[in-house]
Every structure is written in C-alpha cells, then in structure tokens.
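Next come two complexes, and both contain chain A; in the first it sits with chain B, in the second with chain C.
Up next is the complex of A and B:
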C-alpha cells in the first residue's frame, strides 16, 4: 500500500514536472514557414515587400525593435536619445555584436546602412530628412536631421533598417544588384542564410554568436513558397507547415478555425496597417464632383462586406489611417448605407436616371492576387451600385502588370486599390494623398487628389516632435479627407497568421514576422 | 558517315529554328501590357520615379524594342543569357537550378506513359472486341479528355483529405538532408502525383494509338504469311507485328515532347513543383523578359534534342530508313 502511494506521488510529481517543462521555452527545432510571394533578395535596405522583409529581418539586426504596444526596445542600440531640438538622434550601440563572418558591428556600419537606405529604399520619405550620420566612436552613431522627424523611431525597426556590413556592401558595386543580396548574405541577426532556391525554399540556420544570450530558441527556419493558398492550408493541416503569416484568404481562414491543431490570430500586423479602398479617378467626370463620390459611399454596405464577404475576419476602415495606429482618429465623416441619400446626391449632381433606370456606366478595375480584398469587392460593386442606377462593368486585368499600367496611365473610372502604412503615416499614408505625389506609377496618389490644406497638414505632422500635437494634426487631416472623399476606404485587410499549436510565442509585435523571431520555440506536440 | 552528315544538317536547321523562336518570342512578350519595373514597384509596395527611371535604363527598357532585340542577340551569341530582373541572378544559373526538376518530372511521365500505354494497347489489341479491350478504350477516352489540371486537382483532393499518404506539394519535405538515399526516396514520394497526372493524358493516347496500330499491322499480309509459315503466335505477335506497330508511336512521342513540356507548366503550378514550368509561369506574370527568353531557348533546345533522339530510335527500329 505504502509503495502504491509512493508510486502515486512520484507519478504526480513527474506529471507536474512535465507540465512545467511544457511551458518552459525549449531550444532546438525547425520552424517551417510559408510565404506566398517568393523572395527575390534578402537585402531589405534596398527593397520592400514581405518576401524580402520577413527573411531580411532574421538575417540582419536593426538599431531597435518594437513590442506589441508600439514601444521601441533595445536591439543593436542599447539606448538612444533625441536632442532637445529633435534634430539629432544618438544611438549607443552594443559592443559585443558581430556579423556572421565574425567582424564586429560598428557605428561605421550603421552610418553606411542609414545612408544606403536613404538613397535607395523604395520608401523614400522614410529617411529623407537625414542629413548625415556622425560616428564619434565605434559604439556611437549620431543621426543628424534637416528637420524633426518623429517617424525615425519606426524607420529604425527590423523590416526597414537592416544594418549591413560596410566591409561587404560598401565595396563600390551597385547596391541594388549587389551579388551578396542573394548569395553569401552577411548580417548580424539571429539567423544566417544557408540555402536559397529562388521560388522554392530558403533555409536559415541559428547564428551561434548572436549578440543576445540564449537566443534564438530555434535551430532553423525553413521558408517554403506556396503560391496557392489552398496548398498552404493543406500543408498546415498535415502538420508539415507550422506557421503561415500574411494570410488573407477568408474561406481558408474560416476552415483553419475549425482545426484543433491550428490557431489563427490577426496580431502582428499593427504596423503593417493595410487598408483597401475604392479609388475614384478625381480628374475624370463625374468623379470630380464630391457629391458623386459620396453617393457611391452611401450605396456601398461595408458592414455587409465585413460580415458576409469577409466572414467577420476584417474590420471596416473608417478613414485613411489604420485603427491600430497611434495617429488614428475616429472623429471623421462616416458613411453608412443610405440609398435614398445616395440617389439625392446623384440627382443634385445632375446624374438623372434614364428611361432604362441607368444614370451612369462605369468600369471598375482591381489588382489580381488578392481574391477577397480586391476581386470579390470589385464584383460586389456591381449589384451594390446597380441599386442607385449605376451600371458597373468589372474589367478583370490579365495580371498585376496590366493593372499597374492602367493606374500609371490613369486609364480608369474607379478601381480597387490597397496599401500598407509601414509603421508611420509619413512612410506609407502620405503617398496616397499628397498632391506632389501624383505620378505615373502604381501606389502613388492615383486618385489625383489635390488639396493644399492636406499637403500642409501632412507636412506639418511629419515634422511635429510632440506626439499629442502630431496626433491632432493627423486628426484634422483625417477629418478633411473623409469629407473630400478622394477615395472610399472599405476594410482593414484581413491579414492573419495561422500556426500549429506546437509553435509558442508566435510573432505578435507590431511588425509580426517581419521582426526577428527570437522568442519563438517549438514543443513536441 | 551518312548518319553524321544527316545529324549535321539537322543541327544547322535547329540553330536557325532556335534563333527564329527567340526573335519571335522577344517580340511577342513585348505585346503584353505593363512592364517589369511596374510589377517590381507593385511587389515592393511603391517606388519613386527616380528609382523607376534608373531601373528602366539599367535594364535597357528605355531603348526602342529593336535595339533591345539587337543587344539581346549580341549577348546571346556570346553565351550570355542575361540577368533576371527579379532575382538578380544570372538567368543561366536560375534555369540550371530548375532544369533537373522538370527533366525528372517530364521523363518519368514520358516513360510511364509510353511503357504502360503500349502494354495496355497491346493487351487491348489481342482481343479487339473483348471485355479488357473495351475497358481500356473507355478508360483511355476518359483519360484523354480530362484536362491535366483537373486530373491534378482531383488527385490532390483524393490524396490530401481522403487518403493522405502522398505529398501534394513541392519536391522535397521541408527538412534537412538525410543522406542521398533518404533524399531520393523523399523526392520519389513527392514525384508520384505530378508524374501521374502528367502521364495520364499521354498514357491514354499511346494505348489507343498502339491498339489501332497493332490491329492495322495484324491484318497485313506479312503477318498472315508469318502465321501461314507456322510460326508460333507469340513470335508473330511480338517480333513481326509489334516492332512495326512501334513506328507511329515513336513518331508521336517525338512530336509530343513539346506538348509534354507545356503540360509540365500546368502540373508544376498545380503541384508546386519547383521546375522550369512554374518559373515560366511566374516570369510571364512578372514580365521578367530575360528569364522568359532563356526558358524558351531551353525548351526549344529540349524539343530539338528529343526530336533528334527520336530520329535515331526510328533508324534503329526500322532498318529501311537507314537505306533510303
């Protein structure tokens, strides 16, 4: 009997120990991650897009990281301070950080990287105010600014400011086509590149001399390219794929919800700040008339889009700034379904119904690749706008290049469109509304919206160091734009991460998987 | 000697053909709307005009089309296939990295289709009105009519949810190498479904062709003579009839190698097989001209090589051709 009790107690103790250890992070293991767009380069100093930023953030370290509340955290920089005039940012670097080739990370590398990014990155507003970077000693870098630039703190994060080794990338060869962007890539991040098969898979291995002790937990990350969302779901269900970020297919997400081994979360996309909208060609009649644009807004039922078309996985976008951003304001002109008002506005604008009940015929474009965020919404415009006498012809583009050309040449009436904000309005929001950014290119001010007051507000907000004042300026901007309605915001993009329950501490900071996966670990089951 | 002369002449024509293919494809690709730099801008989530102009001039896209063609052919003559706009890697290394996967898929499918197609056809021809023959005909017609992507998707449904024993995506499991034996087994495991769906259409075709061809030959005078001589039936069937019935099949295999490569584009896309077909598909969408031209060059080369091999096989199977 006594023996039985002893055995029982032992079993209990063992069970307790087992549960305890299940919660303890465990070293080792291979995280298999999916990606939908293939990686073309690892150098996120000169390129953007998730295919570059996700692996780039593992290979290169940046001056700071951010948590899930938009707070900056030390990374390569142990501490930093902004001068009282907000014109210089001093970074105090860790002294123990080394690149994958063993050479130390110094302020020279930081200065080289910042200037390289300023001059080459597609987001040119991100570091435009940087005048120069001083390096008084190997562990100190001082960023000198032409004017205050509060977006800098977010531009110094993992997806946007990789610190490149100057001794490799500073050899005078053109940086955009540098051979080390795809082969023998050297960074100072937690993982190093060991294999790259373009369009197929990327193998990253733990860097043993990484400067943060006992991190990362994982031995290896394998990034597999699955161009088809159906395949990623099948692989997730089979347990071969463990984590799929940037997933936005509603049906598959809904299906993943019911799988007991899978978890879905929309955390980790705050700084990405993706919104889609209906673009009006403001320079083409009748969209030059604000009443017509507003009539469209009153005829589109965004609640239906969110609840029925997106199965509740997205959220209505009320204005130009994503609701996860600190600068978001809810105090804006709101549009909810009101067909009577829509018809009145169209009547007032002189668009009377013809004998066939049609007031206006328009074409609607969208870009291919995002089924739920683009195509289905463009298709929804047809029945929705029919109710107010507008006949919509959806012009399906053959591929992205075909759509991009229509946008660049402004050959459209209305079109679906979307953009990411990337951490700060200055980086990803301004471009859609500044009159100076009406250019023959995709993802610029393709509505061709011109409002001097908006230009002025965005300029001032970009330089305002005081967070509260800055927020107020953006608040006014949001109020004006929602009244002018150069475009009509539909939803915040339903980006989700799907992961297996074996994955612990999935990346849920504001940058999600586009920041280093230091704390992610895998359990057996 | 005659063979060498014959081959040399064929090679000369082949070279002219390849250059024709290149020029035609170069001009055709440019008829598609949009350009690679805009697609790059889209993938990067934006770009400035300066960067765009810089990239366009770097890629030579600001030159007139004919000048671009001239530059391309000039480089091509020195063996330089250029750089991919997207991967910033030499097109040649990109293609060589993908070539083995496609060859493995296409050749497996081809062997599978030819061998089992002929066997089924021969079986069917033995009793042309028998039950087996009827069954083979029905299955062939279905296999022949079903589009490759549809067969592929059905196989995926079957082997992903109903009977999950075969992988439905990729060429290898996402894991580190476990030695060459395990790795080869892993690849073979992944190869089953793509090769099967690619083979089905051709298998159906070959079995029908073999059946028809065998029936034709079996009705000919020399078979009757052979039987009249008192040769045993097996010998008549395989030695006299089958060898002659093979000729049209060899011809069709050669002609269809190009189709097989085209089918590979679909199968590779459906099964996420990392070969040339998927690269071609992606390159069209991205307007990655150098990669696409490189791929077209390689495919035309493969088709030409296949046709040469068929000619050689033809000569081996039918000595009369050598004489003429």
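Up next is the complex of A and C:
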C-alpha cells in the first residue's frame, strides 16, 4: 500500500515536472503575424489605426503598460505620482533605457514626445489638457495639466504614447511626414525595424539592449499583410502564419474553431472597445423625432444579429460604452424586438402607412471594409424594417472615400458606422456625442446630436479624478443617450485573435497586440 | 428584307424560321428560354413574396420549414430569390446586350461604310476598348458610379460592344462592293438609306446571332460582377445570390448552386438559340441540308 502511494506521489511529481518544463518559456524563434490593413508609417505619435499601432508598440516604448485588468504597470517610467490637486503627473524614468541607436532615453525625449502627440495625433482630446512638460532632471518628467485629466493614465499606454528620440524626430522637419517614420525608425522598444516592404511585410528584430532583462523571448516578428481574410485562414491552417490579431470574419473564425492546431480568443480587445451602430441623421426629418429613432430600435432584432449573423461571436451593445470598460453601465434604456411598439411609435410620430403598406423610404449607407460588422447588417435592415413599413434602399458605397464624403457632408438618412474607444471614453467615445464635435469629417458627431446636458456631463466626467464619481457621471451620460438614441448601438465588434498552439502567452492585456510582446514565446511543435 | 440579289421561291425569313424549327437543339433552347421567362415574369405575379424577407434560420438546408430550397446567409428563401431574381438578371442581360449592339452596329457601320480616315479613327477607338480587360474595366465603371442596376447595365454595355463593331464593319466592307449597292448609288439614293435600308438588312444574319450570344455574355458578366460584390444590393438577382453566399459555398452548397444552375440554363438556352439562328440564317448551311 505504502509502495503504491509512493509510486503515485512519484508519478504526480514527474507529471508536475513535465508540465513545468512544457510551460518554461523559451528564447528564440520567429513569430509570423498577420495584419489586414497595410502599414503606412510606424510613428504612432502622429497616426492611429492597427496598421500603425501594432508595429509602433513593438518599436517604441511608452511610459506605462497595462495588464488585462486595466492596471497601469511600470514600463519606461519606474513609478509615477499624481499631485493631490490632480494637476501634475510626475514620471520617474528608468535610467538604463536606451534607444536603438544607443543614446539614452531622457526626460527631454518624454517631453518632446508628449507635446508632439498633443499637437499632431488624430485623437485630439487625448492630451489636450496638457499645458507643458517640465524636466527638472534627466530622469524626471512632470506633466502639467490645465485641469484634472484621468484619461492620461491610458493615454500614456503603448499604442498611444510612443517615446520618440528627440535627437532624431526633433530636427525641425515636419513630424507627420518625417522620413524616419517609415525607415531607420529609432525607438527604445523591444524590437527594432530591419525591413519594410509596404503592403507586403515588416521584419522586426529583437533589440539586445532592451531595458527589461531577458525580454523579449522572440528573436524576430514578421508582420505580413493579408488583405483577404481567406488567405490568412489558409496560411494559419498551413502553419505558416502563427498569429492573426484583429480578426472579425465570422465564417473564418467559425472554421478556425474546429481546427485542433488553432486557438481563438477574444481577449486582448478590452481597451479597443469597438462598437458598431446605426447612425441616424438627427437633423433630417423624420429622424429629428426621437419616437422614430426608437421605433427603429424596437424593430431591429439584435439577438438575431448576434446569434444568426455573427454565430454568437459578438455581443449585443447596450449603449455607447463597451461592456469591457470600467465606466460601462448596464442601467440604461434597453431596446428589444417589439414590432407592435415600433408601429405605435411611428403612428404617434405621424408616419402613417400608405395604401402600399409603406410609411417611409430611407437609404442606408455602410462603412465598406467590414463585411460582417457593416455590410451584412446594412442588408439586414431591409427585411427587418420592412416589417414596420419602412422601405430601405441599401446604398453600397464605392469605397471608403465615397462613404466618408457622405458622412462628412451629412448626405445620408441612416448609415452603419463603428468606432473604437481606445482606452478611455475621453479618447474614443466623446467624439461621437459632443455637440462641439459636429464637423465636416468622418468619425465625428455625424448624428449631429446636440444635448447640452450630455456636453456638460462628458466635460465633467473627463475632469473628474475620483474613479467612482467619474463612473457615476458616465452612468448618467449612458442613461441619457440611450433614451435620446441619436444612434442605435448594435453589437460589440467580434474581434478575435487566432493563433497556433505553438504560440504561448499570446497578448491578452487590454491593448492586445498593440502592446509590446515581451512574454510571447514559441514552442518547437 | 426587300432587297436580295438572288431570286427566291420563298420569303427568306420564313425559310429561316422553317430551318430553325427543323433543328431540335434550337427548339429545345427556345422552349427552355420561354420557360425561364415565364417563371421570371409571371412567377412573381403568382407567387407573391419579398425575396429579401427572412423566412428561416440562416443557411437552413433544402426542405426546411419555410425554405423549400434552403435559405441563404441572411435567412432569405433561395426559391423566392430564384423566382424574383430572374427579372433583374434577364433585364440586365437584354438591356446590356441592346446597348452593346446599338453602339457596336453604329460604330461598325459608319467605319465600314465610309472607310478611310473615319474608319481608321473609329477602329483605333475600338481597339482602345478591346485591349482593356473588359471585366476589370466594367468593375472600375461600377465602382466609380456605385453599383445600381442602371450602372451595371451601362458598364456591361459599354465594355462589350467592340466585337459587334468589328463584325458589322467587316460585313459593311463586303456588302458595299456588291452590285445592288452600286445600283442604289446610281439611282441617287442617299447615304442614310444605303447604310440602314440597303446594307444593314443584308448584314443582319451574323449580327442577329452575335446579339443573341451577347445576351448570354451579359448575363454571365452581371453574375461575375455580383460575384465580386459589385451587384445592386437592392435588386435580387441570381448573380447577387451567388455573390452574397459565395463564402458559404463549401458549407452550404444550396445557396449558390440553385442560382448558378439558373444562370447556366439561361445562358445555355440563349446559346442554343444563337446556334440555331446561325444555322438557319447561314445560306451555305441552308443549301447543304
């Protein structure tokens, strides 16, 4: 008996040892990663989009990183503290960090980068409250704010705040077209750029003097551009492509699920916070009437969209803020399929049925380039809204520019649309609802929604340093807009990462692959 | 067709009809086309439904509840799509072929009749269209003007006329040397009369055949454009059905197979008719029989 127990314990110990060695990270290897949008620049200080942010976060280091629970972690800054009045953020930088050209990273570089981003980044609310950056010594940078700005902690993350070497990018040439944005890029991140073939591939190589010891594990990252989702899935199945982030084609995801070599996960998109919605032209009749907008909401079956059209890979969006965000509130006006109520609302709004059963004819546009998140939902509007007497004509846009022009000139009835929140409502949510952001541009407040109370709430929430109070303000905002319904949220976008089982520790922090891949490693088989 | 050089015992078009009727293949094609036309034109009047309605769970297989031939990726009924989609497909086919024939005959006739610099200029112009890959060119046109039924028809018409123009020109070059044309000239007939009333009717037989085949080609063209996602999303057509379900081809064969079959049958019918017409209108073959 005792022997048996001893044998059992030995077996357990051996098994434990075996699993431990299987999980032991291994140095080396090349991670081949896919991307759907081509990279046009590596300088994420002046550009957004996954094509820039994913490689940018590998090449440049940022003051802080974030884990998968929204907690900031030291990166270039060893520590940081916010003054009691919340008006200055002091960063204590590591002293051992160097750029790829061997020069040290100093507070001068941090100050230069923050001001460059403030003045040039397309997300212009992100660092707008920054007044100046003081540099009392080489390892200390103090960010002075005009008013409290809690979003700053996320704006200092890897996809949004690359620290650029001032001695290269501060040479007076215009930063948006700086030649070093695309070649001889110099950062202080874990990987350096060695090859860039636009539209084809990017080769990043391990930076041996990277300031975190024994990281990264990978020797090389190759980013390959596959504009066609079917090509990526074939390459994944063949084992030539090891990791494909930002993937949202339902059919291919469904196919990857059944492949024993592949794993799919929706972790790593929390801060991205992508939501798609039906945009109403609030300035055009009859969409200026809230009853009409609500009628649309009661006629659209979002459960059908999620279960049938997205095969359960997305999630119903209940309001303007993604459910993965700390500011998300579930206490909002909810809309579920109710055709009777929809018809009553339309009757009350004076849109009576004609002899042919039609009350209203509308055109529906959609943002091209996202088949499952946009085009198919626009097509779905036709049968769904017909049930309440609304005839929908889908206006297929020729290309992105054609759709963007319709949005900018407000030449639409309803349109499918989507946006990413990027870490904080101030960065990616406000732009859709602030009356001050009704501009002749795509991805602004194209519903032309004006509510002084919402403007006030968003302003106050953006400045509120206390997290709980801030959440309450955003809660009230969510309550108001879900009742006003300037647009109707459909789903949280079905973004997933597909990866080969050889890939260990795939990026699952709130930024996913738009964060440095320090812990990712590859096993042999 | 009033003018002909050779004396005949019977009116030539009547004889052609007789020849056509004698060919079982051609008659088969005609019967098939009539059946398809009936389904597409009368079907929607008898069977009233909206092809865009969601009637079943997406991608239900054939013989499911509410979807006899299965449903597509949105849950729309494939059978309803087949019945209603024919109108758009056939309209595109006929209208685009008409446009291409009108442009082709006009340019070919003018070039062939006048010859010289006019011919030279028009043929270079034709070549410009001939060297462009026609599908690619049509895609560019549709993309530029956004996909609606009208733009699709125009795009197909505009890219597919050069063949007809070449054929017409060749016929005109040949026929204008015949004695009966010289006779018309001698009695002082005007150019317009000679071109359209004298030469054209004699050039018609090959052109009729080519026009028939152009209808089939235009239908295939529409299907190709829709397959690539450039069809009008508001008009159900067989091409649109294939285009919107093509990604599901391997998992749900019915959503693409049935509309594909309809296109195949239509183009086959049109081709058989074209073949029969060719046999019937070709004097050499006529004598052989």
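The criterion applied here is as follows: the second predicted complex is superposed on the first by the 505 of 525 C-alpha atoms of A that agree within 3 Å, B and C clash if a C-alpha of one lies under 4 Å from a C-alpha of the other, contacts with A are read in each partner's own complex, and residues count from 1 in each chain.
Following the convention adopted for this analysis, contacts are C-beta pairs under 8 Å (C-beta built on N, C-alpha and C of every residue); 3 or more make two chains touch, one makes a residue touch a chain.
All values reported here derive from a predicted model rather than from experimental measurement.
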item: Superposition on chain A - do chain B and chain C clash or fit; value: fit
item: Touched partner set for A:358, first chain B, second chain C, both or neither; value: neither
item: Angle at the Cα centre of chain A, taken between the Cα centres of chain B and chain C once the superposition is applied, in steps of 10 degrees; value: 40
item: Which of chain B and chain C A:393 touches, first, second, both or neither; value: second
item: First, second, both or neither for A:124, with chain B first and chain C second; value: first
item: More chain A residues in contact [chain B versus chain C]; value: B
item: First (chain B), second (chain C), both or neither touched by A:330; value: neither
item: Contacts of A:402 with chain B and chain C, given as first, second, both or neither; value: both
item: Touching partner for A:380 - first (chain B), second (chain C), both, neither; value: second
item: Touched partner set for A:251, first chain B, second chain C, both or neither; value: second
item: Which superposed partner A:309 touches (first chain B, second chain C, both, neither); value: second
item: Chain B and chain C, minimum CA distance [Å, superposed model]; value: 6
item: Chain A positions touched by chain B in one structure and by chain C in the second; value: 398-399, 402
item: Complex interface listing, chain C residues touching chain A; value: 50, 52-54, 57-58, 73-76, 143-147, 232-234, 244, 247-248
item: Complex contacts: residues of chain A adjacent to chain B; value: 30, 32, 37-38, 40-41, 47-49, 51-52, 120, 122-124, 176-177, 179, 181-182, 197-201, 203, 220, 222, 224-228, 231, 234-235, 238, 240-241, 367, 398-405, 408, 419-420, 422, 428, 431, 439-444
item: Touching residues on chain A, where the partner in the complex is chain C; value: 230, 251, 304, 308-309, 376, 378-380, 382-384, 386, 393-399, 402
item: Of chain B, residues touching chain A in the complex; value: 32-36, 38-39, 41-49, 51-52, 55, 58, 83, 86-89, 94, 97, 156, 160, 164, 167-176, 269, 272, 274, 278-279, 282, 284-287
